[in-house]
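The two complexes that follow have chain A in common; it is paired with chain B in the first and with chain C in the second.
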Partner chain A sequence: MENKTIIIGAGPAGLTAAITIASRGHSVVVIDEYMKPGGRLLGQLYEEPNGNWWNGIVESDKLHQQAKKLGVDIKLHTPVSNIEVQDGIWSVHTDVEIHETTHLLLATGAAENPLPIKGWTLPGVMSVGAAQVMTNVHRVKPGERGVIIGVNVLSSAIAMELKMADIDIACITLPVSNTVNEKFGQPLEVMNSLLHVSHMAPSAFIKMGSKLMKNDFFKQLGITFFPKNGVKMWDIPIMLRKAVTEIIGDGQVEGVKISTINPAGEVIPGTEEIIGADFVCIAGGLYPLAELAAVAGCPFYHIEELGGYVPLHNERMESTLPGLYVAGNITGIEGAKVAMCQGQTAGLSIANNLENGILEKELVSSIQHTEHTRENAYIQFHPEIAHGKDKLKLYWDEYNAAVTK
Partner chain B sequence: MSEKDIIICRCEEVTYSELKETARKFQCTPRELKLRTRAGMGYCGGRTCRNAVDSIALESTERNESQISLKYQPPIRPVSFGKLGEVIE
Partner chain C sequence: MSQRIINHPVLGKLDESQTITFTFNDVEYSALQNESIAAALLANGIRTLRHHEESGSPRGIYCNIGHCFECRVTVDGVQGERACLTPLTQGMKVVSGGKLQTDVRDWRANHGK
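== the complex of A and B ==
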């Protein structure tokens, strides 16, 4: 058997790992279910504080070309349905064939969390990530005028991208609170979660507000007096005091029913109005897509700061199972730059194991580089991400202490 | 607003009120709620409703921090019967 390292996921983490391993002279296969390489990096487009534009299509293409040049075998349009291990050999099941390897990296990324709202099964309702991919990757307008439900980092960044594509966004607003949507439908909670990204907001109101609002009293005051019609960001009203109670339309989206809510998220009767729209985006945030790690039998821990259940792993991106590695958003929700660093670490880890440990120094410096990138990230999906990583470290130590006993 | 007709599990057509009612009556864990209502047991393998089923059940039960609440099983992506039955040389 020719021992090619297998990487599942051709996003920033998977491709960077592939490049790292291939440049050490080892052969690598990358498998991805999507038709283009790049993963969620493909959709990204934003201006950095230094004035440079981060264009995901260009960045994906750079990684793809580099991997191709190094002879990495990239299999697109190929979903993996199962992985299993026997006698140290991992089998990777695809529709076409079963691949085998001693070193398997899971870089499967994240999935979007939906917020169920009355009428959300109508054609024209989509996740905000779907609207992003449609617009930036396939260059198809999802519609002429949209409403975005869910106020968070991801939805405001994508709203701006849609705006750049000349798509009208009527407003970004909250979902009406129910058991599932709870923390997305309460103005105070949402405002708290936004404060740590206020440096991204061009609105003077939010910038000024974030200074005052370190104090709970002012937070309460801030949300009580938050303008009913929202504050504008890139000319899009962000409404924290309104919530969509229903998506309406005959056979397809025609608009939403929206009402004013109190700071606790309860609808104020008699305030309902209708906003016309031909598409609706639902933005419930991201969670690590860990299906394959679960099927393989990795131990899991639920860590809020990392976005959900993550497979147990160490700083070298090794899971607890021999020959199985993880990198990117499967280890916690962060930006593409951190994912690339993790991909490099995972790649070095694999190469180090293939080369009898001669890459220890490079590995340690790659781990440090990841932490540095995390600290300086422009977009942080959770303010306490580093705390989440510390929790994971504790779990790892506990687990290993229990195993070696 | 009446939340009666929010569909949560599209594959098995399970509604929000059905899940809430079942969770209230039996104080279900996520797994029990899934088995009682079939939410998350359809064609897509719960890829859309998994987190929703979780949060409804976790209103009345504690989350197990060290175990995924709704189990994943292969195949994690739909595979056609033709491909499944095919003998791979």
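== the complex of A and C ==
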């Protein structure tokens, strides 16, 4: 059998790993169920502090062209339904064929947490990432006027992108607090999670406020006196003291019912009003998309700072299963630049194992480079990401101590 | 009604030169070559892709990346294809799914069980 390394996921992590492995002269196959390479990177579009635009389509294309030039075999529109291992050989099942390899990298990325709200199955309700892809990748408006439910880094970044495409955003607001949505509907929790991204906010109010609010007392005060109609960011009202209780419409979205809430997230009776909109975005944040690692039998740990359950792995991006590697958002929710670094590390790890350990130096330097990129990331999805990574190291050591006993 | 974003301040002008036609529930629409079924239908103002098998409630796209399966349609006779992941080709026949029979439930409802 010709031993081609297989990578599942053609996003920033998977493509960078493919480029890294192919540049060492090894053959690589990348499989992705989407019709274009780039993964979640495709939709990204924001201005960096130096004034340059981070254009996900351009960045994806660069990676794609580089991979193609190195002879990487990229199979798009090809879902993987199962992976299994026998005698050190991994089988990767797709609709059309079964691929085999000794080195398999899972770079499957992330998916969005749903926030169930009454009326959320109406056509016109979609995840905020869906609206982003429709707008930036497919260049189709999700609607003329939208309401975004869920206040977080992703939703505020995408709100600005929709605005750039001339789509009206009525407001960004909270979901009504229920057993599933819990903290997403509590103003104080949301305010806390937003403080670390305040440098992205153009509004002097938020910037100033965030300095004051490092102190819990001021935080409570900030929420209590948070203007009922919200503060504006890119001219979009952000309403932390309002919550959507229901999405309404006959056959499709026509608007939302919204009420004022107290700092604990409870609806204040008699405050309900209706905001008209023809689409609604639900923004519950991202979680690592790790089903294939679960199917393979990787041990999992829930690490809040990383966005959910992650398969146990080390800094070399090796899982606990021989020949199985992970990189990108499957290892924790971070930006595309970190994902690329992780892809490089995973690629070097695989090449190092194929070449009897001659790439140790490069590998160590790539791990350091990842940490450096993480520390300097413009968008951080969780303020304590480094702490989450430390937890993971601890779990790795514990696990290995237990199995080698 | 077209919902296409032709001009974009950063992404530039949309290339609309390569068009194709396809049908959705036997009505012909035009689309851009290789775009997803979901994008083409939305551009044509169509949001309801199917009706729920049991409740009959209308459904459209939700995640747009193939994960939620809300956008499943029948494509050239193949059931359960995700509209958000399937690129359109010339002459493709797309059909939405509808409510299925719920005989046991109906019998129970009619017999007070």
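In this text, the second predicted complex is superposed on the first by the 405 of 405 C-alpha atoms of A that agree within 3 Å, B and C clash if a C-alpha of one lies under 4 Å from a C-alpha of the other, contacts with A are read in each partner's own complex, and residues count from 1 in each chain.
We take it that contacts are C-beta pairs under 8 Å (C-beta built on N, C-alpha and C of every residue); 3 or more make two chains touch, one makes a residue touch a chain.
Small disclaimer: the values here were computed from a predicted structure and weren't measured.
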Practice task
Evaluate whether chain B and chain C can sit on chain A together after superposition, giving fit or clash.
Solution key: fit
Exercise for the section: Figure out whether A:Thr135 sits in contact with chain B (first) or chain C (second), or with both, or with neither. Expected result: second
Completion exercise
To the nearest 10 degrees, chain B and chain C lie apart, as seen from the C-alpha centre of chain A, by 60
Handout entry: Touching partner for A:Gly251 - first (chain B), second (chain C), both, neither
Key = second
Handout entry: First, second, both or neither for A:Ala111, with chain B first and chain C second
Key = both
Practice task
Would you check which partner chain A:Val310 touches, where first means chain B only, second means chain C only, and both and neither mean what they say?
Solution key: neither
Practice task
Report for A:Val176: first if it touches chain B alone, second if chain C alone, otherwise both or neither.
Solution key: first
Exercise for the section: Applying the touch criterion given at the start, work out whether A:Glu33 contacts chain B, chain C, both or neither, answering first, second, both or neither. Expected result: both
Problem - First (chain B), second (chain C), both or neither touched by A:Thr121 - result: both
Practice task
Pick one for A:Asp95: touches chain B only (first), chain C only (second), both, or neither.
Solution key: first
Exercise for the section: With the two complexes superposed on chain A, say which partner A:Ala165 touches: chain B (first), chain C (second), both, or neither. Expected result: second
Practice task
Check the superposed model and tell me the shortest C-alpha distance between chain B and chain C, rounded to whole Å.
Solution key: 5
Handout entry: chain B/chain C common contact set on chain A
Key = 33, 79, 111, 114, 121
Fill in the blank from the handout: So, in the complex, the side of chain A touching chain B is made of residues 33, 79-82, 93, 95, 97-98, 111, 113-114, 116-118, 120-121, 176, 178-180, 182, 245-246, 267, 287, 290-292, 294-295, 299-302, 308-309, 395
Handout entry: Complex contact set, residues of chain C against chain A
Key = 3-6, 8-11, 14, 34-36, 39, 42-43, 47-49, 52, 57-68, 70, 84-87
Fill in the blank from the handout: The chain A residues in contact with chain C across the complex are 33-35, 40, 45, 53, 55, 57, 77, 79, 111-112, 114, 121-127, 129-131, 133-136, 138-143, 164-166, 251-252, 289
Completion exercise
As the complex stands, chain B meets chain A at residues 1, 3, 5-8, 10, 16, 20, 47-49, 51-52, 55-56, 59, 63-68, 71-77, 79-80, 83, 88
